[in-house]
Structures are given as C-alpha cells and as structure tokens.
C-alpha cells in the first residue's frame, strides 16, 4: 500500500468531470500534465455559470443590485485568495491576467519607479537558471532598459540552485532577487526563507514565482518571519484548479504603495484631467480596466476547494505519487530523470529523457494510449541548456492522480521503447 | 409600432438567462447598463462549460489530444474574431485581457519602439476630450515618459468632436492619433474614415477604441480603403456578449511586426538564453503567458452569436430603441440629455441630468424598481468636466432591450422626481 | 418602511438640503481633498483644532462637498456632531459610525453616541452606497491626522 | 493502420535514422536558423544555387537539425527530393507539400510529385505535429528567398 494518498481520492476524482473522458480509440484519459494546467472541479465551473447566468454585471462602478452582487462576489474572491496564501492584508492581493503578467507588472513598475527602487547602471538584478521564461524575459527587458546588470544563480548537477556564489551575487549592489519557489522543469523546491533573509539583509526586493508552489504547498505569508517573507509572490489561476484569464500578485503593501501604476485606465485612477491624472491606492491602482470578474469568482471557488481538501493532504498526496513515479521511472531502461531524485526535495513535475527517442515521439506514443504528458522545453530553455538537452518529457501529477495512472505511464514508456526498437 | 426592432426580440431575450431574474421585492430586471457590460447568451456559457468539462488543456505547448483540441478551439476563436471585424489577416488579431490592456499595450510598445515610431520631444500625440480613461491615461503616461506633447480635440456643445482645429492638431509633428469610435458617455459616433485619412496623410498612426462600436456597428476592416483604415482597433470581450478576461487588439501586420514586445514570457519567445532572448512573430509576440483560453472560446461563441443575429439588424434595433428612448426622456420635465439628440448621430448609450436630483440618487430609486442604469463619471471625467457636470446618469440598451423596458425607465424617472419632490 | 425609505430617511434628506457648516472657513490647520473614484463625488474639508493632544477641541470643520444626498448629508450630520467636542470624544463617535457603516445593517449602533447619524443604518445595508456616507468622515480622519503631524 | 503507425511510417523512421544530406557544407549563398518556439526544435540550413532566376538549380541543401523523428525525417526527405532540381520544379514540390500539410489529412496529394514525402499525410492529420514536419521546409523557402535577395 502506498502511504499518504488522499483518503477520498475516488471522490475527489468524481469532482473533475473531464477525468471521465475517453480519447481516440476509446482509451481513457490519463492526465499527467497538471504542471502545465490543472483540470477544473465541477464546483468551479458551477460558480462561474451561476455568476454568468444570475449575477453578471460590471463591478465597482455599478450601483444597481446586480452590480452590488457582482462586486461582492469579486471582492469575496479577493478575500478567499488572501486567506489561501495567508496574506497579511487582503488589499495586498492584486488580480492580474496570469502569473506572467504579474511578473511583468513588477518588472515594469520597478523600471518606472522613482528614486532608489529603480535599478540603474551599477545595480544588479539576480535570477536563476531554472526560471520559467516568464521570470526571465521581464528581467532581461528591465535590465536592458535601465542599464542594470542581470546575473543569475547556476544549478548543480542534481538540479539544485548552486548557492556557492551567493555572496558574490547578493551584495549591496543587488536591488532585486527573483526566483521560483518550485521549478516547473526540475521539480526542485528552493529555499525561499534562506534566500529571502540573505536578500533582505542587503535591502533587496525579493520576488517569488509561486506558480508551481501554490498548487501543492501550503503557503502562509503572515506566519513567516518578516525577514524571510518575500516582498512579492505571484501565481496563476489555471494551475490551482481555477480558470485561465486570472493570476495573482501579492505584494507587501508599503512597497506596492510606493510604486507607479502599470497599466492606465478604468478604476485605477483617483481623478483624471486631460493634462494629468492621479491614481487610486492598492489594490485598484494595479487593476486597470474591467478585471477578470467571472474568473475571480472561479478562482475563489477553486482555492476554497483546495483548502477544503486540505493543502497539507494535497502535499502528502503529491509526495506519495511523486515517490511512486520516481520508482517506476527508474525501472525503465535508458530513462534519466533530470532534477532531484528524491521526492522530499521536489514537487510533482518530473522531467526525463529516454535514450534514443525524442520527447515529441515519446509524447506521441503515450498520447496514443491516452497518457497526456508534455514534451518540449516547458518554457525553461536555459535550464534545459544547463543539462545539455534541448527538450525533455515531463509528467506532472496533481490531487486527482492515482498510482494506476503512474502504472499506465510506465507501461506506455516501455511500449514506446519497443515501438521505436531501442535498447 | 416602432420600426426597426429585431423581429425575433422575444426569442433573442430567451437566449439570455439573466433576463428572467427578479430582484429585491420580486420586481423583474430591466437591464439598461449594457454599455458597462453586456449580458451573456446561453450559447456563450455553454461553450465555456463544454470547454472546461471536456477539452481543457494548455495550448500550443501541449502535444496530447486535449492539448490539440484546446489549441484548435483557441485558434478557431481567433478566426471567428477576425471574421467579426473583417480583419485582413487572422494573425493580426491579438488577444489581451480587456480593451484597457490593448490600449496600454500599444502605448507601451510605442514608448519602447526604436527609430521613428517612438514619439519623442517635439512630437505630438493627439487624443480627444470624450475618451474613456483607458484611452487617456496610457497616452498621458507615454507622453510623460517620452517627452512628447499630449494634445486633444475639444467637443462642441452638441457633443461632437470640434474639428475646427484639425489642421493645428494633426500636422507633421503628430505621431499618433487615438480616439474612440463611439463615445461611452455621449453616445457620439466619430468620423473614423475622415480622421484616419487626415492622420495618414501626415504619416501618423491611428488607434481606434472600438469598445462601444464593436457591440453595435458592423465593422469590416478589409473593406475599408487603406487610407481610411485605422492602424489599430481594439475592443473588449465583455461588451460583445462575451466573458470578462479577454480583449482584442487588431493591428496592421507590418506595423505590429516592427514593434518590440510588451510583456515577456511563455510563448512570446523564439528562443531564450540567460543573456538575451529573441521573440516570436505576431500574434504570439504580444501574447505572453497562458492566454485567456476559455475566455477566447466564449468570445468566439459570442461574436458568432452576434453575427448570426446580424450586426445590421442589431444596429437597426439599437437605433429604434435609442430613438424611442430619446423621445421618452424628452418627456421628463427637467431632464437634459448630454450629447447628440438625434439617434442617427449616436450609439445606444444616453447620459442625462435631472434637475435637483443627484445621479446616485436617481440610480438608487430606479434600482428599487428593477431598472439598472449607471451613475457616476462612466470613466469619462474630462467629458463630464467639459459639460460642467461632475457625474451623470446613463441608460444603455442592447439587442435584448424592449420598448417596454424604456417605458419602465421613463416611469421610474417620473417617480424619482416625485420621490424627491422636485418640480 | 421600504428599503428606499429607510435609505432616504427624512433626517438625511433634510441634512442634504440644509448642509450644516458647509463652506470653507479660516482658520484651519489642515485641508484635505477626498474623491470617491468610482463615482467622482468629492469633498474638500478643513479642520481647526484648539489645543493639543486628545483633549484638543475640534473648534471647526468646514467643507465643500459635491455629491449625492447620502454623501452631502453625511458631511452635514458629521460636522453637526463633532464640532465642539474634544478629539477623543469625536473619535468615539467616528468609531461608532464606522462600525455601523461596515456592519452591513447587522450592527446595533449606540443611538446616544450617533444621534442623527443613526439614520445611516439604512445606507449600511447597501454596500454600493457605504462609500458615499463615509467620504467626509474619512476626510475628517485624514485631516485630523495631518493637523497633528504638522503641529 | 493505427494512427500511430500512419504517423510513424517506415519511410519516416528510416529517413529519421539515415538523415540524408545532413551536415553543413560549403559553398552556400544563404544560411538560416529556424526554431519551433513551442518545442525548441531547431534547424540550421544552407542552400547553394547554381545559376539565376527560376531556372537556377538547387545545387545543394545542407543542414544541421535537432528535433523529433518527424522534423528530422522531413529535412532528410526534403533534401533528397529537391537537390538537383530547378528552383521552379522545387517550388512545385514545396507547394504540394504545404498543401498536404495544411489539408488536415483531407488533401489528396500528388504522389508523383511528393514521392517519399507522401508519408507525411499521417502527420498532416495531427495538428500538433504539422509544425515539426514544416520546420525544414519553411527554412528552405526562407533560405532561397535570402539567397535571391543577396544576388
């Protein structure tokens, strides 16, 4: 018996209508691409439908009853998201369109900031080699535009951050340290508290990409000692069983309040004259235009659902599945996992190579058996380059994944080897 | 009998589940706030539910069957939107999160552009006094950041653009002319072809905010003579019976291809190295991160629905309702419409003042009778300032609006007068 | 009483008409300008304090308000209640008003403290209008803070 | 034939192994580098033309490809088909190939024109893999355009 699985796994699976789907040839779906996007429980879909069919109206601006209902639903979603991550204040929760926008928002407002917040020539922005492109490109653009230097943590052969150069990278010149909590390619869990403490010692701003962490790790920002609490944490709705079209930026209130606006228009203003405008306080300052209303409603239902199942339990489940998967993958001849080999050090995304078969071809054969994985660079080209590969195959589990699905993956991988006559 | 109403109005209304709602006290909903956001037909909701329950996956990156289905659905939505506005090429259609982001996108990439596309000191950006804040603030930010001058068309007392200064405003110093097709406050329809021709003569880029036009005017970009076709046209999903969380930017391909990226990350890249990245072509270059997938599916269904009803018929319907509403409003003592008084010159949003009663108080009394209108500055503070008012009340109709609903509005306005004992 | 009548109680409509203490006056230690960004309602408000610390007296509150009957009457009621009190007495009233306005109509206000201002219980039930009623009260708090900072 | 077998036809797996004409060679008039941004597959491709205008001969196409069996075999098949033809003959083949790949499996390709390349009909049915098959063909078109621009 595998320890740590969700006790009600069969019930949880029933919450996700898509898991009943069959694919070409009548084969059942084995969805192992949750790090790419998660599936949605009925309760999220129903919340969205109810909103669209009964409460739809624009928010804030509308005084009528539908407007009040819609506004209440939107702002309750903010409360729910704040509770989900233990935000010290609900007004520090800003809705964006996805995690990528949230990261770009931070990089942009720092580019336009006045005074010492703006990195300039001689200053440094530090990222890591395991970042998703969405946490690389915005910082490349910022440093190109401001003249600051871009530097990064390299990786060890085991797929951890190489912290040996930490003193060189994080010194008084460093203005921003941005890194991922959990790698979407390697699965690595990074030492958020330790890195944040280091960065805070020299007064740098810490931006954490929690896109892969939020789905599977309990996060309680208010419970973190201030020195170890990042200044900004972002994640994306569609990976926490919510809809697309919404992301979350949490930021320390007194930092956000000092930053200039990102996009202009709609409710982000205090007053507008033709010559010049003044801007609203947070969170509205950073929410230009009609926000993702029905998406917020869906996201609120999503994080409530995850909280009801229990993040600790989800974490344990992911851990059990990951351990089982690592064992299974180790049994496939010629298969090499890239990243930490121990479940304790990683999240549920596992990338691997299979000697003699290109990831695309693996994914294709797997797909013919209903097993959905991702093949490619997973928006982490530098991390692939670091390990000398151009692409990889990635399986990623979630709270609805069963050991039987892992068995199906391993079977399909062995079948792939025989199909392409390798080994 | 009122001429021009949709022949199947009763059937159309049945398509919109929310119209059956009753409000506090059992009064039926009279929704006259469609310029703020439109209601959604069942077919849009169903398309979204079907996607979430059966086809949900991330796009582009996913090789598996769900991924292929989801990608196909997303890209078909692009085709449908392209058809809806008669885009010369479907790759010129870019999905944003709303109209505000689309306008900010343009202003931002022009700010970062190289060479002559970037407005600089000595150059001019021209807007108008009737713009929505979302088409003012981005240009204020651009001109503050680049040192270009911001100038604007004033308004006539009738609520039209004052074109008497056109030669002064649009000359060889002018780099960008940005204006709304239909005003969300005054209802005014602006002369897009004429202004665009003028601007193109001196080589300026023309950006048109079609947020209020797309819902009610047939748009066929390919059919416009090139000299009169704007370079960029934007609108927002939630006003064309689609969901929130999605907007549309159409831009001339050879212009967009010369512009730098807006947000960085995800699929907007060609290749990423730690030092530097190169970027994908359009439309992907401007779609960083996971796009609004289920929202695109909903928007595709929405514009298909509008096309099936027929934009010409919708236009005629709006016209008939507007004419009927203008008559009704004229019958209320002490009521003053702000903006053109003739239906021919305007869209279906009608703002007005009522002597002795503040717009909020009007909206409140109306709401107690189920009539939902908007009160405030409608994100058009400068236009209000122009007419010496701080706020106004606005009714706005759409394809589901009936003459009986206009009657209900007029009754409620008369009741408001007696409630507050004016006149 | 209908919802509408409980919102527009006579006390409120009366204050909206009479606008007690309206107009900007000298002397003052702080002037603030607050806007309700959603609707554009505005208030410019001045406070004049007499003395220092919590025992200082609110010698005057003068204002210029543009807004709906809820927001203008709230300014009128507030100035009528607070002028002449000590800062700490005034704060008790303000806190009670805030508690009522944030109570969604569930909070039982102390009528002895709020006097005419209890009429805003009907507003507290309408989330969209709460901001209207709070506009001048928030401006007052802000102005007092600034007046104290500067002294 | 299963979908999988119709995708991975022997011809294709064979070309993926043999990689005809692989490796970068001199002389060449143009070199291009194309990437499939979705998956990272890459090809560097050179063309060497002999003569001018549509009657010029495609004297050589050399390449270095990193990718799946579909993308590498497509490069192999293409070079095998096009080298030695005139530009206009080659273009006929390219157009026929593009038509088939964009036909979602519905297009009836001319086997006389496409020869081994008809094996990619199975790929045309899988929208996610069409880009793999097209990578080197698009690179070839681009390279020819550039070679002609520069001459």
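Just so it is clear, A, B, C and D label the chains in written order, and each chain counts residues from 1 on its own.
Here is the rule we use: contacts are C-beta pairs under 8 Å (C-beta built on N, C-alpha and C of every residue); 3 or more make two chains touch, one makes a residue touch a chain.
In this text the structure is predicted, and so the values were computed from the model without any measurement.
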{"item": "Any chain that touches subunit C and subunit B", "value": "A"}
{"item": "Chain whose mean Cα position lies farthest from subunit B", "value": "D"}
{"item": "Separation of mean Cα positions, subunit B and subunit A [Å, integer]", "value": "31"}
{"item": "CA centroid of subunit B to CA centroid of subunit D, Å", "value": "44"}
{"item": "CA centroid of subunit A to CA centroid of subunit D, Å", "value": "38"}
{"item": "Mean-CA-position distance for subunit D and subunit C (Å)", "value": "76"}
{"item": "Multi-chain contact sites of subunit C, meaning residues that touch two or more partners", "value": "38-40, 126, 129"}
{"item": "For subunit A, residues contacting two or more additional chains", "value": "24, 61-64, 67, 267, 269, 271, 360, 364, 375-376, 381"}
{"item": "Sites on subunit A touched by subunit D in the complex", "value": "24-25, 358-361, 364-365, 368, 375-377, 381, 384, 390-391, 419-420"}
{"item": "Residues on subunit B engaged by subunit D in the complex (per definition of touch)", "value": "60-64, 67-68, 71-72, 267, 269-271, 280, 284"}
{"item": "Residues of subunit B defined as touching subunit A within the complex", "value": "17-18, 21, 23-24, 29, 31, 33, 36-37, 39-40, 44-45, 48-49, 52-58, 61-67, 97-101, 103-104, 112, 129, 132-138, 140-141, 145, 150, 152, 236, 238, 243-247, 261, 263-269, 271-277, 288-295, 360, 363-364, 366-367, 371-376, 378-379, 381-382, 385"}
{"item": "In the complex with subunit B, residue positions of subunit D that touch it", "value": "35, 37-40, 126-129"}
{"item": "Residues of subunit D defined as touching subunit A within the complex", "value": "2-4, 7-8, 13, 38-42, 66-71, 126, 129, 132"}
